[in-house]
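Note that the chains take the letters A, B, C, D, E, F, G and H in the order they are written out, and that residue 1 is the start of every chain.
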Amino acid sequence: MSDFQIDWQREERTGTAEAILCDGKTAGQIAAMLEAAAGRRLLLTRLSAEKRAALPDALDYDPLSRTALSGELRALRDSGIGIVCAGTSDLPVAGEARRTLAFHGLDAPVIADVGVAGLWRLMDKLDRIRGFRVLIAVAGMEGALFSVLAGLVRAPVIAVPTSVGYGVAEGGRAALSTALATCAPGVVTVNIDNGFGAACAAIRMTAAGRGA
Amino acid sequence: MSDFQIDWQREERTGTAEAILCDGKTAGQIAAMLEAAAGRRLLLTRLSAEKRAALPDALDYDPLSRTALSGELRALRDSGIGIVCAGTSDLPVAGEARRTLAFHGLDAPVIADVGVAGLWRLMDKLDRIRGFRVLIAVAGMEGALFSVLAGLVRAPVIAVPTSVGYGVAEGGRAALSTALATCAPGVVTVNIDNGFGAACAAIRMTAAGRGA
Amino acid sequence: MSDFQIDWQREERTGTAEAILCDGKTAGQIAAMLEAAAGRRLLLTRLSAEKRAALPDALDYDPLSRTALSGELRALRDSGIGIVCAGTSDLPVAGEARRTLAFHGLDAPVIADVGVAGLWRLMDKLDRIRGFRVLIAVAGMEGALFSVLAGLVRAPVIAVPTSVGYGVAEGGRAALSTALATCAPGVVTVNIDNGFGAACAAIRMTAAGRGA
Amino acid sequence: MSDFQIDWQREERTGTAEAILCDGKTAGQIAAMLEAAAGRRLLLTRLSAEKRAALPDALDYDPLSRTALSGELRALRDSGIGIVCAGTSDLPVAGEARRTLAFHGLDAPVIADVGVAGLWRLMDKLDRIRGFRVLIAVAGMEGALFSVLAGLVRAPVIAVPTSVGYGVAEGGRAALSTALATCAPGVVTVNIDNGFGAACAAIRMTAAGRGA
Amino acid sequence: MSDFQIDWQREERTGTAEAILCDGKTAGQIAAMLEAAAGRRLLLTRLSAEKRAALPDALDYDPLSRTALSGELRALRDSGIGIVCAGTSDLPVAGEARRTLAFHGLDAPVIADVGVAGLWRLMDKLDRIRGFRVLIAVAGMEGALFSVLAGLVRAPVIAVPTSVGYGVAEGGRAALSTALATCAPGVVTVNIDNGFGAACAAIRMTAAGRGA
Amino acid sequence: MSDFQIDWQREERTGTAEAILCDGKTAGQIAAMLEAAAGRRLLLTRLSAEKRAALPDALDYDPLSRTALSGELRALRDSGIGIVCAGTSDLPVAGEARRTLAFHGLDAPVIADVGVAGLWRLMDKLDRIRGFRVLIAVAGMEGALFSVLAGLVRAPVIAVPTSVGYGVAEGGRAALSTALATCAPGVVTVNIDNGFGAACAAIRMTAAGRGA
Amino acid sequence: MSDFQIDWQREERTGTAEAILCDGKTAGQIAAMLEAAAGRRLLLTRLSAEKRAALPDALDYDPLSRTALSGELRALRDSGIGIVCAGTSDLPVAGEARRTLAFHGLDAPVIADVGVAGLWRLMDKLDRIRGFRVLIAVAGMEGALFSVLAGLVRAPVIAVPTSVGYGVAEGGRAALSTALATCAPGVVTVNIDNGFGAACAAIRMTAAGRGA
Amino acid sequence: MSDFQIDWQREERTGTAEAILCDGKTAGQIAAMLEAAAGRRLLLTRLSAEKRAALPDALDYDPLSRTALSGELRALRDSGIGIVCAGTSDLPVAGEARRTLAFHGLDAPVIADVGVAGLWRLMDKLDRIRGFRVLIAVAGMEGALFSVLAGLVRAPVIAVPTSVGYGVAEGGRAALSTALATCAPGVVTVNIDNGFGAACAAIRMTAAGRGA
């Protein structure tokens, strides 16, 4: 009996495709999945450089976001989704979201380093940020960006708390609790460091606007 | 100096109006806010029956959801938002979401008691559920409904973990961690028992589909 | 042997006087302390209305902040300390700080309801806020106010997380972790709901500026 | 005095044999135990490849489950126990259960990759799964499989939460709380990653049916 | 649309019937469910004396375990299940298990007050305890009974940690962690205070022995 | 678009300059920031020796505190700030505070190894300690130094809990809770191991004394 | 079968007698135990005034410590045990220890209100404190007293953290972690508010000195 | 100024000598302390083999317990202290206790591998165990040994929870909560893995018996 069965119908059923979370899988298991895909498109997340080196050359691998795209790449079209990022250390998670969107054929810019300790950085870019239909906000530490941002825009704000920080912020718990306890309604959140999940939710949201 | 300043511009700025969270406020403070509103529309959440009794008669009060609507009620139009509810004990939170939507003029039906321990209850209603553009899922205990539901539909699923349960589920922590750790991408979550926040996010999402 | 010994030398030694934390003490114990004081000045904190009713009439009691001042009141002088408060529900804690300062003869205004979900409320009052030498910031929920405020002013910001909120914010933990994990340097924090401690620290800080 | 005393009577007394948990023991300590066994049958769990390399060649070692069987192997007979596994990353823990059963002479198949995000995978195999008298369910992330499975079958479901996942799922806590808070009665749970314990409990349960 | 749909097929499908968890439900909601049952058998758990007083007289109510049986009672037959209880304060939870078994027509004795601080109490009754095919062990505080018991018998041990205790034992967390971390294989656990779930699992286990 | 935008105005706006937290940033990202600084002064914190080796030679690097100063060094003037340190293992965090002050041109001595287990060590130095206008107290384990110190001096005490310790002290949580729960008013705290933040707060406090 | 079996042999076997923890027991259950005692000596702890009122008049009840002594009282002899108490609010727990010792015929004085925020209070009494052979130290809030005391004396220090405090100290967790993480060797701890357990341990310790 | 000041008076003042906790100190810092000792006796704990290799040859180093004794060794005399150990993996912590006692000139035997899963192992040695005046009990996993042991002996039982275990036992928290929540009075506890502290407390206890 096979050890895995990829849910190929997921994109048809839910609008976003199954991805392979490579953490906790051996390079051998991942290679077997790629072989079973037989050229069908696959997204790999949390793929370390070490494991990537043990896989076929054909992968489109991005080391910062630790994502790989296998199979035919789709042309990118404007998605209406913007990714807002509090600090430089949050870029790997923002990158996972951006790459997941790209895998689904959607282009989404990253607005970097707009943490609220220097509020002018966010304010300078507010007009541009207000132009997006869905916002993915990526922040670690205390995640105050989520609340401030949601109070200034009309788009839904998908918070992605990151594990950036130390002490009580270690592992992302402080940013997560901010996303959940926010005084600004309209914020929803996903798991810590889950750029992939935020992108999938954003895809569902943009589809929601077009009717079911 | 006044002790409060209501953010009347919030609906214009963000698409959803400020609400008064009545927990932690005295009946006197709430009455002062209603007076300051001077007939403008206000939503009150977490308003106990005791405090409601100390307020003016004109309020439209719902004891199950502990919400009150003040000012002119809007006519309801179809929102494309559905509220799916795991058990009878989750109905107060589902009601807070439904009433928040109604305050904004949006009608949203509640599909009750479809917890996954008897999966047929969800399956029987799946066609109807698939017809919504945005889903609010309300569940306590372990919250497995969030994952199962998101794997079956295309709409974004806003999880509202509830504080229904005991032992490790006490206070809603187990359902919250399920919403965050879910294996089904497309789930986003709000704070425990936060039906109001889920409704506000849903409003943003339906707007998102129509362009900014 | 007596059950208590009041540290009358504390104000001489540390700059702030000992106070009686009334939680966990019986009215009888508190009355005995007042009697032992024999007219000397005493501050009582967390004194419920029920216990206050069982004590001598001479107390200057404030029900919102649950504080009482016993003995001669000092005339108030300008302290350079400002108290900034995120929401109406945080006023009891802000009040404990204000009353503690008043007990020490210091006047400190409260700037109320400037939570960041409506950022304009804070911005409108920023010039006034920038005029204080020390700021006490009082906020519950997610406490994003601490970070935003500290990024805009030169004064030290003493965060007082409050137990206002529910779900992950219950008991004040979310606001506390924001105060600690803040990306804005210059924030220091005290225990949840500890308006008394914040005031004592503020007194030490204003003294610090005048040399030792 | 010896540093250890193996509980050789345990299988006679309780129905399952003592095993050596190799985490936290040095290769030297493990080797001494094997020598003391003097050919008697022993099961070793959580034995890393590094430590295994320092032990005698005669061991039957399985690197995925990190288990070793020492001494005479028993012929396998049908156990009526099935192992259901949510994802590929859960296979090491499922393997520890399977190997523990094999050590006791019991054969148990593994039904792999039936996580509920694609519910059809579980439904396709439901007839087969319903044929088992005892089920061991192995899942990480949010562990929703436990609830769904228990609502569909008559067998007791022994949940084994795994440490697969990140953020709030890190270390297996989210899956554990799902197993405990489940709305589906009939689920019992063991410690995170404890495939060994689940197998021992399953052995007791199948024996329970035959009378004491 | 009705607010509830009772899963009448559950006993046929899983071997144990759905029960009504009365915590978090109003007396009105419970009364509506009883009316919908129309004489069919129902088990009610966590039913306070106050709510029971608001319900029809026909209920068979037990105040210690806070359970009620509605509809025709089944004759009791020997179940092979024994309930072992560490202290007097654990009897309500033990009672919930006993009553759940009785609702399913199964008789199960309670062996009370055998906590390990006086080990002779357990030892005196060991022969009797060894005669059961399945054991439900109910203990609060540190729950050491679970480990000691499982090391002495062949039956599966279903631990039910109770919320009896204070300090680090408050809410049952210490007993729960003992059940999970036990050094004695063969222990499985359910949620804190979940006597109902333990009984349901025990029913599945005794059925497991008779083949599927 | 650039991945970062340094908040050069922060010192003007808040009194302390932005620093680069090097944890979670690649050497490449840090090098790009140094290049963008173009000779302007920058403080780097949590810079490992490995990353430092990949950066330009001109840095003034201190391996114990893992800090680097880039650009022109300021001459040091007396700050009135003293750093009190409980044990030798706390010196790296004390060093981060000292170096942050030095970056801002302020000299601050470190009083080392005055933990309260041998109270005479603190008492011997009390006269000197009482001479400072602001105190930074650095302690791990249980952090009892914070309370004892604050009861003996008039200066504000900024507690810096450190991650020194094991068991319940692991990661600094025990020392942090002591700082927050202290019975000695006048203690404020920053995040675990946050010597940088303590120094920034101390700078604000000394400025507070001189008027705004 | 009886619901309880009192461990009358415990004093003979372990040196201290079994006590009845009245929390979680009904007045009826407690009365049944007193009746079963038939005049033998019994200690009752955590007995509320309400329950006491429902019990026989013969009890020697102390409302502050919520303890009752039943049966013949022993004459008190000097125990060499001293009870040191940080604050007035800790007196109920100190009282439980004192009464437990009295039940065993041992006299132990309480040295009250020597919290370290005013260190002179402890120092003034140090000579007397050094005269005890075993010390029970009772403190809530941050519990710094445990460390300071243990660094000054030769006796073993049994820490009893109390649930006095709020915020992070709520429920006694901060004081407990101080007791465990203390930098002063020689401190041992018992559960939060467990004055009874501390007294039992102290009795064993004083016996230890006389040989077994 | 020196970075450390060893508390040489501690043994005179408290009965046990200061030790150097080597975790978190560099080999250079440790070497400086040894040099400052100038031949005086010192105990080093948590000294890794790597650091030991960088220190002078004269140390008496034990790799299992990671302790080193410097200076003149004392002759061992019988202490009346026994060390009881649940499993082989707990021996390093038991060793730290044994070596600390040896440093103070006290001999204490280790009774190994008497975990309660096989209760006969403890019972076989009970007579010997009952001969000690003070018992140190070392256990990880769920720590049930603490409760069982204390119910069988008259000596004080110092529990040392160890970090042996996984899942909910990880880091020693489950064993610690058992030690604190135990139903067997007479158990006191120290921090997780703190063999050193247990030994120091045991020394104080044996001294307590001989008068102050």
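As a convention for this text, contacts are C-beta pairs under 8 Å (C-beta built on N, C-alpha and C of every residue); 3 or more make two chains touch, one makes a residue touch a chain.
Values in this document were obtained by computation on a predicted structure and should not be read as measured data.
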item	value
Least step count from chain C to chain D, where 1 means the two chains touch	2
Between chain A and chain F, the fewest steps along chains that touch one another	1
Pair joined by more contacting C-beta pairs (C-F or A-C)	C-F
Chain C and chain G, separation of their C-alpha mean positions in angstrom	34
Distance between the centres, which are taken as Cα means, of chain F and chain B, whole angstrom	44
Separation of mean Cα positions, chain G and chain F [Å, integer]	42
Residue list for chain A, restricted to those that touch at least two other chains	10, 13, 87, 117-118, 150-152, 167-169, 176, 180-182, 184-185, 191-192
In contact (per the touch rule at the top): chain pairs	A-B, A-C, A-D, A-F, B-C, B-D, B-E, C-F, C-G, D-E, D-H, E-G, E-H, F-G, F-H, G-H
Chain E partner contacts - residues on chain G that touch it in the complex	1-5, 7, 9-10, 18, 21, 23-25, 29, 33, 46, 161, 163, 171-172, 176, 191-194
Touching residues on chain A, where the partner in the complex is chain C	86-87, 115-119, 141-144, 146-148, 150-152, 165, 167-169, 173-185
Residues of chain H defined as touching chain G within the complex	10, 13-16, 19, 80, 130-134, 150-158, 176, 180-182, 184-192, 196-198, 200-201, 203-212
List of chain F residues in touch with chain H within their complex	87-89, 91, 109-113, 117-118, 120-121, 140, 164, 166-170
